[in-house]
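Below, each structure is written out as structure tokens.
In the two assemblies presented below, chain A is common to both, partnered first by chain B and then by chain C.
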Partner chain A sequence: MKIVVCVKQVASLGDEVEFTSDERDVDPDFLDYALNEWDSYATEEALRLRESSGDGEVVVATVGDEDAEEAMRRALAMGADRGIRVWGDGLAGADPITVARALAEVVRDESPDLVLAGVQSSDAVQAATGTALAELLGLPRVAVVTKIELGDGTATVHRELEGGLLDVVEVDVPCVLTIQTGINEPRYATLRAIKQAEQKPIEEREPGDLGAPAARVRRMFVPPRGEGAEMLDGEPAAIAQRIKEIVEERLR
Partner chain B sequence: MSVLVVAEHVRGELRPVTLELVSAARDLGGPVAVAVVAGDPSALVEAVDVEGVDEILTVAVEPDAFETDVVQAAVEALIAEREPDAVLLGFTVDSMGYGPALAAKLGLGFASDVFALRREDGGVVAERSFYGAKVNAEVEFPGHERVVLLVRPTSWAPSAGGGGATVTEVAAPAVQSRARHRDWVEVEAGDVDITTADFLLSVGRGIGDKENLEQFEELAERMGATLSSSRPLVDAGWMPNARQVGQSGKTVKPKVYLALGISGAVQHLAGMKTSGTIVAVNSDPEAAIFNVAHYGAVADLFDVAEELEKLF
Partner chain C sequence: MSPLLLGAEQTRETFAGLDAWQIVLWYGLIALSVAIFGYGVARLALKYRRGRTRGPVGRPLERAVRAARIVATHAWIRRREPLSGLAHLLVFYGFVVLFIGTAILAFQDDFAEPVLGFDFWRGWFYLGYSLFLDVFGAALVVGLTIFAVKRGLLRPFRLSYWRPAEPAPALADEAKVYRAGDWAFLGSLFFLALTGFLLEAFRIAADDPDFEVWAPFGWLAGQGFMGIGFEGAAADDARLATWWVHGVFALFWVSSIPFTKAVHMLTGPAGVAVTDRRAGSVLQPLPADARSEDVGYATIDALSPKHLLDLDACTKCGKCHAACPATATGYPLSPRDVVLDLREVAEGAMGNRASLGIPPRFPDRAEILGTIKPETLWSCMQCMACVEICPVGIEHVPIINQMRRALIERGEMDGQLQQTLETIYTSGNSFGEAKRKRARWARDLDFDVKDARKEAAEILWFVGDYASFDPRNQRATRALASILRACGVDFGILHDGERTAGNDVRRAGEEGLWTSLAEENVATISGCRFDRILTSDPHSYNTLKNEYPQLGGTWTVLHHSELLIELLESGRLALRKGLGYRVTYHDPCTLGRYNGVYDEPRRLLDAVGCELVEMPRNRDNSFCCGAGGGRIWMQELQAEGARRPSESRIDEAVALGALDYFVVACPKDVTMYEDAIKTSGHQGEIELRELSELVLEALGPAAAPPPAREAAAL
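Moving on to the complex of A and B:
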């Protein structure tokens, strides 16, 4: 069983922010990077499916610059076999449809039995790349999956709806599934595994035709605070005292 | 600017986001059509016939439950026939299953989790956030005459009143469904119903470790609060499903919602932002939860918890 997992290196902001001079993105100096939380669940799920099927391969694919290999190494340290990194013009800050186009070519070349992505990336929250990728590959798909049972030519999966309602779906395989947190407990990579992952191969690829971008950021800005919260200042004791007063007043 | 809204429904009921989409569509000006793709669409016509809707397009499909291939084919056919400038879907689990596919297949402009919309120089400008909702962005769609947008629930007030839209039946295209609905499974009810509590003490990933949970169970009891949490604590198995607040958990509206160590992700806010009084403690002054809180404190939650223990 060969599974491709799409993994993204995501960026998070601390408590300070400055923008690039064209104001279209945050200045990278203000960003920290990590493997997307949803993608670590997707990687874990792929590893478990490989393990229970007895053999096979887990390939992780990412669209990102050289620095993005760090996140992919995390997935390799968890146990994925090899990586593919796609990078080229037009991919910096790309919209999810463009990212899906960049992934489609390399995933197609792998002819996997199953493709997994995360539900969403924590920095962009598009919840779109996996579904767009499925369309470009001509594959069926289910978004927001919390359970997978592989059958013969199909898989029975749980699709988690709003309010926690589960839709039991039978999907033809191969397919693309976007994986929700909580589906499993992602393993920790041991130090030894992290070291070994350094030796695992990462193939570099250039994207084919990306077409026109589906969107472009015109301007990023810090949201206006609106009325905002009334801030409780002072030492923890003073804060706790104010909280007590607020609670007592509101519950009266 | 003509807009096609796709109605959302589950188990025979219209989902509220549909009427919010109508309001969003009205912001763009121009005629608004609402597509109802369902087993018996006529049963939902009355519910979507609200102020601002010019036409209701009904497409009868098998089965009634959402299936990506079925809904996508129906919406594709409507796009080809009606040529709307914008297609508005909810930023919901159903739409996540086909909205991006429409954009990829038809080469349309695309953005999701959109919470503000306007027309500028004939084109659409959408607002959404990035980086843990700490920055917002204006997004444009150069070169696209048509866009698909997934709109954040509760960003617009639902449209109401009105009535009298034209109803047009449209035949469903033949399609082979490759992902088929089989059954529903409901979340098991828990030991408490957090939706009826007056006072929720809600803890997030900021509490760090499972071992720390006990401290907050005790604190909640002292304060007379019911303990609830954000999703990661449920994912990790520290808290039962029934105590999760948010989009995939419970929608709560207590008199007081005290959030400790919760960042304020959009799916969490969806479940608690209409609470009477929201008090948030977070060590990060830029945490998005402060945008919806009435009172906020930038502090270590353990320090504040320790002081609260002395007061209650």
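Moving on to the complex of A and C:
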């Protein structure tokens, strides 16, 4: 069985931030980079499915520049077999739909049995790429998946709903599933494995026609401080008393 | 008869009363005994040769001399256990002298007399020989008696086979087997000594040669037998019977050495000879071409020959069991049990027990990661208390570290540890803070701290994670910066270029991450111009000083206590104020046991006018705070309701009575003990100070205001 996992290198922010001079992005000096948390769960799930099926291939695909290979290498170190990185004009700062278009070309060429992606990325938090990808490929999709059982030509998957509800659905494969954290415990990629993963092939390719961007960033700024916050000062006991009053007030 | 009138007639016949065929039989038994002994020793050597990991063992002559000195003086055996040390000394020298005596007799009977015609075993020599052997035989008995009293009546904790965790079912009865073995060993030596004295007494009672007064204890016993009328032919018959009993048992005993606790007579000195006293502070890198299954110790044959030898050197003396902070606070680990369990696996898989066809105690013959439970391995603080006190040089800490490497390679670890390692990988520090925040602590200083990457500096200060990011530690870090400033020391830091030094990453078993961090730091530091490296973190200190040379980073590294003493002695650190506090000092494991820095912090405390009251567990017997070996990043494992190691330590300090401060010289100690003072229920009774904070206070108000006592106000 062949599984394509879409992964992303995400940026994380400290408690300080400055923007680039055009005010359309965060100054990279203030960012650290890592494999998106959701994607590490998706990768782990793909590896488990491959292991339980006995054989197969896990291909990780990403959209990003050369630096993004570090995150991909982490997925390879966990045990994925090879990587495909798409990069070219029109992809820097691209919106989720554009990214999905670039990924869709990869998935079409690979024609896998299953496509996994994280529910969302921790930096942009739009939760759109996976769904857009399914639409572009014309594949069924299930979002926020917490369990996968593969059947014959179908998969039974658990879908997390709000309020602690669970939806169990049967879906035809191939399909696109976006994976929720907690579905498994991602394995640790030792630094040795990460180093050895440098030997695993990463194919670089350019996107085809990406079409017009679906969205663009006009400006980034720190939102003005809101009004109406009540700052609590004083002795811990007095603060606790005030919190109690506020809670009681709201519950009334 | 006056001794002066002695002639050459004082001697005895070795084979008195034996027929020729009996003498032949005797030599046959000797040959058999030596053959069995030789077979057992060869099997041991073959077992050790099966160890796959290679470690450095150089300078054989130096090692042999060191081992001879340590064994002869009993320096390691006597430590912390003077009575048992004395007992062992008596048994050891009793045994050695009796062995040499037997060898002299064999030389005389089998070579000197028949071959050379030279018969020296008579007259003066004989009498001196008798006296020597008699007295040392008595010493042996006294030593054995002390051991028996210790084991049977005094029963110290270290000799108990209590385990902090449920033993594997295969080992449930092990304590009984071990106890039986201990007593059998003691009893067999008793029996040998006793039959030896009886033999002498019967011989003297048989024909009462008056020169035998030179064997005073035998002579007294002989006189005793004569006193009750047991003499002459009857005594001679008893002598002959005892001769056979003593002789055959002695031969049996010798042949059993490689198979019983007595093996430590061979493996103990060998272990002392090959042990590396720096094995814990300088861990060995993995071979560059290691395959995944070769990483660390997952199977018993992965151990190095030295570590396989260690397993057989253990006498179950329990000094490590008594010293281990994990054992003491109910973590599921005893270093002694790790060694004993590994020995069971080794014996079952490839030792004498395997060669004799005795089924192994563990079903899986070679696998050790299942037998030694992961939680046992993760309990270890890598504090070196066990290695430090082991009288036979067992390297528990590197062995446990190797098993951790295998666990990490398989991805089997505490979730919190995994998260921390991933955080260190992505952010370069264990706090998950942005790199640019590393030098944030310096913002509140009233002067700028140099960027050592851009400007040359006399001292390159490697600050370390805890001293950089932890708010309580930042106060101590700023105190040290202020002192350096006041002393006019030209220093710089690496700012956002510094990464976790990796000491505890390596000790947790993530060798690859340590290598990656160290390579980055070595590259950054190599680009700076400086004379020496300073750090206030003993963990960073250890790996920078002892392990970075493996990656080409060889520098002079100082702990701040060392630099401050140097500044004091050169007059640059001018203390103005005697503080007059009553304090105790906690030796950090990585500074004390790892690197032997015990005196500098104490001298500093003296210099600032503090009265130092030592805790019972001090210097090389210091009790780990519980943070070491990466434990600070893992979930608690101590027994339900048990005190944490750090809380137990605070209890120890408070018991000294009326102390102003608990003084530490390690950022992890600052974190651990600030916490423990609160959780141990001793808040208000004692406060914590980092060494630098006291030194800054002693600099007087000119340098900085004294640190506020805010901990007490909270």
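Definition applied: the second predicted complex is superposed on the first by the 226 of 252 C-alpha atoms of A that agree within 3 Å, B and C clash if a C-alpha of one lies under 4 Å from a C-alpha of the other, contacts with A are read in each partner's own complex, and residues count from 1 in each chain.
Throughout what follows, contacts are C-beta pairs under 8 Å (C-beta built on N, C-alpha and C of every residue); 3 or more make two chains touch, one makes a residue touch a chain.
The structure presented is a predicted model; accordingly, all values stated were derived computationally and were not measured.
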Which one hits more chain A residues, chain B or chain C? B
A:A127 in the overlay: touching chain B, chain C, both, or neither? Say first, second, both or neither. first
Under the stated touch criterion, which partner chain does A:A92 make contact with: chain B (first), chain C (second), both, or neither? neither
Pick one for A:R101: touches chain B only (first), chain C only (second), both, or neither. first
Kindly classify A:I194 by the partners it touches after superposition: chain B alone (first), chain C alone (second), both, or neither? second
Going by the contact definition given at the top, which residues of chain A touch chain B in one complex and chain C in the other? 12-15, 185
Which bits of chain C are touching chain A when the two form their complex? 286, 290, 292, 295, 408-409, 411, 413, 415, 418, 421-422, 425-427, 433-437, 510-513, 515-516
Residues of chain B touching chain A in the complex: 10, 15, 65-66, 68-69, 91-94, 96-101, 103-105, 107-113, 125-126, 128-132, 134-144, 150, 178-187, 198-199, 223-224, 231-232, 234-237, 241, 244, 247-251, 255-256, 258, 266, 276-281, 284-286, 290-291, 293-300, 303-304, 306-308, 310-312
Quick check on the complex: what are the chain A residues that touch chain C? 12-16, 29-30, 32-34, 185, 187-188, 190-195
List of chain A residues in touch with chain B within their complex: 11-15, 17, 26, 31, 95-97, 100-101, 119, 122-129, 131-136, 140-144, 156, 158-172, 175, 178, 181-182, 185, 211-223, 225-226, 228-233, 236-237, 239-244, 246-247, 250-251
